[in-house]
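Common to both upcoming complexes is chain A, partnered first by chain B, then by chain C.
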Partner chain A sequence: MSAVTATVSEDKMGARTKPAAPDEGARLGFRLTLPAQILVLFISAFPLLMQLYISVTDWSPLSGVGWWNAWEMWNSFANYTDLAADTRFWSALQRTAIVMLVCVPAEFLLGLALATLFADDFPGKRIFYSILLMPMMVVPAVAGYMFFMLFQSGGPVNDILSRIVGTPITIAWLSDPNLSLIAVMVADIWQWTPLMFLILLAGLVGVPEDQMKAATLLGANAWQRFVTIVLPKMKTIIIIALAIRVIENFKIFDTLYIMTGGGPGVATETISVYIYKVTTQDLIWGYVAAIALAILIVLSVVAVYAMKHMAKAREVPA
Partner chain B sequence: MKRSVPFEIFRYAAILAAMAVTLVPILWMVSMAFKPIGEWSATGADLTWWPKQPTLSNFQFVFGHSTNELIVALDHTAVKPILSSLLSAVFGTVIAMSAGTAAAYGLSRFGSGQNLPLALIQLRLFPPMAVMIPVMIMWAFLNLNDTWWGLALIYGIVTLPFAFWLMKTFFDDMPREIEEAALVEGCSRLRVFTRITLPMMRAPLASAALFVFILNWSDYLIALLLTTREWVTIPVYMASLSSSMTGQLYGAKAALGLIAAVPPVIMGIAIQRHLVRGLTFGALKQ
Partner chain C sequence: MSAIHLQNLVKKFGDFTALKTMDLEIADGEFMALLGPSGCGKSTTMNMIAGMEEPTSGKILFGERDMAGVPMGRRGVGFVFQNYAIFTHMTVRQNLAYGPRMRGAARAEIDRRVGAIAEMLQLSPLLDRKADRLSVNILQRVAIGRSAIMEPAIFLLDEPLSNVDAAFRAVMRTELKQLQRQFKQTMVYVTHDQLEAMTMADRIAVMDHGVLQQVGTPLEVYNNPANVFVARFIGAPGMNLLKGRPAESDRGLVIDLGPLGVTPPLPDELATALRAVRGDVLYGFRPEQVTLAERGLSMPVSFVERIGARTIVHLGEGESAVKAVFENDVGLSVGQTAVVAPPASSVRVFDAATGFAVRAG
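This part shows the complex of A and B:
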């Protein structure tokens, strides 16, 4: 009670100091936020307009005219109609979805399982915790290189398999179109399960212990306690963790590109790899701009929908 | 809660299995980095899990053009890529932290820039690949291509959301009594911010800066698109470490990978306490 009254009186005190300099705070606030506003504008407004402009032309950096003269190469909306018929684009999108649908749930379940093991104290907890978090701190490109080495046909993964089976195994993981996607997903799960573990453990620790004890006394078993108490309490945290991984997984590039370069053929070509290849190899930037804008628009719609949904969830008291 | 013995056995078994999966890829790279050529190029049955004759020749190779073990020599040593990674990540962090901290304080205390939280989350949502065309054109126009300062600028913008959100939650959590007392004493609001708030927030600032540095240091895609020769960063340089004569230079790549991996892992462990807050845009605290 006393803490509450103290805050109120401080607020009054703060209010009393304000009239002395009515807009000093507002002016300082404006000046402090200005650099960030400029950077955001610099990277969003102008580039978006430029992208929109280029996307309705055939412009490429090799076309010999500056991008501002791209209107000379106006192609009505051919880039967008091409995109609708671009099977390589759609299969890249589909592959990105498959990677996401395998990796994110796998990371979530493994992370949740690990988090439940770490929910209470036990000897060695801190050191195990630190080590288990290491993969997410490894530079993704370096992680990609690690798994590139591990999955060589004469490499350690096959060596372990050979020892288990007893006969030499030489699976060409990265050059087999069916297996390369699996290898890439294994690398992603290795690197990002720790993130799920970290976030979900933070949520798990916040579950009130007295409720758990009460439920135990009432005869609830571990699974019932988990479903009726832990999961509802962790709902928001689970949504946040999944949202972060879905967003980041959609962008998947570094590890994958180093391991397979999107190959063999297009076997591991996800959306980022596809755009990268069209940008740097085919150099048709007008078309790339159209792809990029299409993705940005779809993502924005999803984002607005998700934010509204989350705002609604926040209004309901937990 | 008291746990049963079988549960404890299960727990340790599961954790040890997870530790093995976690560590094998890392240790394999460490092992490769210290293997002589005969061992790092061995495959199949000749595979050695741990270097029989540990050597520093891989490090010698990436830093000094050549070693007497390898017939190939490098055109460029790893020194400049390491410098490039370091400069771009450090100055990118400076840009993100300065703009982010100032904006976070402006919003947290004076309610300015209400649009920033959402705008910055959106910035993070979009794949960098989808905005790189205009960035490449702009950077070429501004003569920023293939420079560490050009990389630093884009890194500063890309990691601004994290700097802003982290500092915002730190400022929101900070008790305001001292600031208000200083205001009553007649300090200007700017002076309160620079002379009282910032020094008090030294530890959170350091954690946020380390967090942002790790993100900048971890970049590959942006450097791949914006640098070509002079100022390539470590991951981009690594990819060039394969020659038609020797194929993949596993040992040299592993040595370089180790150099790239060590700083963020150490920093990450140092700021473990704040990782959750940083990664969830302050939505969660530990």
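This part shows the complex of A and C:
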């Protein structure tokens, strides 16, 4: 009881003795940074508003009028009704979802396993650590070329498989509609598991060691400690890591485009590839704006969810 | 319930020796304090008892059972960490239930045991609170309850009061002592605070630089320190030690303190023991036992500390500095000369070469 009253009185004291000065300082600071804030607001809001504007028109750069005059081509939400009926869009969205549902969990589980491994010391740890982080530093387009070569029908992947099986294997990874998506996903997992590993390792190292020891002394085995202490303590960082990868993976493009170009046919056409094709080949920018806006809404939901958890984490220090 | 036997225990970390051969017997149900300055090896000893670290050599026995190779989860040891290591993401109830839950106890059984332990520790109204916003004394009770629910034979406490402010420490000391009476387990308590050790422990093991200095009841350690380290470390302020040389006089054996003169004659038994020692000795007496006298050591007052109930008077300087503690106030001020005399029965003598006490009889 005495402790409870003590904290309350402390809070009161804190409130009473809080000087008025910081408030004034904050107001002055706001005024001083106002120009910069307006600029930032403009930079972020302008393209969005422009996009919103174009998305309700049939405007294209070849239409002969400036984008600000796009209202002349007002089509009253036809782009959005078209989008709802666009089967190529929906199958691209579906494909993107499949890639995400395979890649993100795979990257998460691999990253977590590696982080658990690297939380303890073992000989050569620093070298392995550097090697492990390398894929993340490779330019995605370069990674695309690497996997493009690896997955050629006479390439190293088939070579290795041939050695293992014993008979020559010539799988056309990138030109088989059923396999090309797998090849693309392998490349994504290779490139982005290190990021997951890095974030999760930071979280893992932050798990209080004495609480782990306390759990051990209370008879918890390694798996029980992992489930009852490590995972709950890492909850926030896991959500952040997953959110980053969900958002990034949704936009998967460079590696994939270089490996398959979205093909064969539309077999690896994800949403970004589809947008790219509509933009550069069909040149209907009003429609592109509508697609992009739809995706932005989806991703915003993910971001808001993640940020809510981050705010909660900041509220309660571990 | 279990006694603990430490036999020839050694712990090295690379080149650094944290513990040089430790032998200690802790009786069943005893409250033993491991006391010493930081880096003395007390926490290392404790961690080895808990199984967090393996001894480099030597044996740890719980009763008859050799603990070598027994993992910490299977030792039946309750451990209260310095910062309590409460699982902050759980409620008080989940913290208390953790041990039984991990061992697969039935839900009804867990509820019953949590209820019982919460009742005993007065945690019942707090069971559904999140553990990250509790005050220290509640955290301490949760930490003890979480271990106690496993009914360990041995309880280890690693400086549980060091994060608590002084005023609260007194409250928690009493609480801890009462808890030990309730649980009746063997308790090992690591601390650098002699007040905690003196007030709570049945016996104290004083350690320094990886060496066990002395084991005894609080009063034994205070009254008859085994060596110079214990004499200086125990007591606040520690024992006064003045360098001198034994000399025969017509009144019996005295100690020649050089410029300070000659001490009053030593008691016969101590004198007999002292005659066997060659070379310099240290003449020791407790500051609290000093009285002002007509005849004794005549020294200038260099500083007076008044702390209410007691007054600490600093006498002399350098090698021959002495502190004297008086009840209430004393009519001495800086610059005056005080004549102090320790009662003959409270005098302790140490061999200056070895540091060991010269014991009568």
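Following the convention adopted for this analysis, the second predicted complex is superposed on the first by the 258 of 318 C-alpha atoms of A that agree within 3 Å, B and C clash if a C-alpha of one lies under 4 Å from a C-alpha of the other, contacts with A are read in each partner's own complex, and residues count from 1 in each chain.
To be clear about the criterion, contacts are C-beta pairs under 8 Å (C-beta built on N, C-alpha and C of every residue); 3 or more make two chains touch, one makes a residue touch a chain.
Just so it is clear, the structure is predicted and the values come from calculations on it, not from any experiment.
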Partner chain(s) touched by A:L114 [first = chain B, second = chain C, both, neither]: first
Contacts of A:L28 with chain B and chain C, given as first, second, both or neither: first
Contacts of A:W90 with chain B and chain C, given as first, second, both or neither: neither
Touching partner for A:V142 - first (chain B), second (chain C), both, neither: first
Chain A residues touched - chain C or chain B, whichever exceeds: B
Touching partner for A:A214 - first (chain B), second (chain C), both, neither: second
Touching both chain C and chain B, counted on chain A across the two superposed complexes: 213
In the complex, chain A residues that touch chain C: 3-4, 6-7, 208, 210-211, 213-221, 224, 228-229, 232-233, 316-318
Complex contacts: residues of chain B adjacent to chain A: 1, 3, 8, 11, 14-15, 18-19, 21-26, 28-29, 32, 42-45, 47, 49, 95, 98-100, 102-103, 105-107, 109-113, 116, 118-138, 156-157, 160, 164, 176-177, 180, 183-184, 188-190, 193, 214, 217-218, 220-221, 224-225, 234-235, 238-239, 250, 253-254, 257, 260-261, 264-265, 267-269, 272, 275-276, 279-280, 283-286
Touch list for chain C against partner chain A, complex: 50, 52, 71-74, 77-79, 81-83, 85-90, 98-99, 102-103, 132, 135-138, 146-147, 150
Complex interface listing, chain A residues touching chain B: 10, 13-14, 17, 21, 24-26, 28-33, 35-37, 39-40, 42-44, 46-48, 50-51, 54, 67, 113-114, 117, 120, 122, 128-143, 145-147, 149-150, 152-156, 158-159, 168, 170, 190, 194-195, 198-199, 202-203, 205, 209, 212-213, 237, 240-241, 244, 247, 250-251, 253-254, 257-258, 271-272, 275-276, 279-280, 285, 288-289, 291-293, 295-296, 299-300, 303, 307
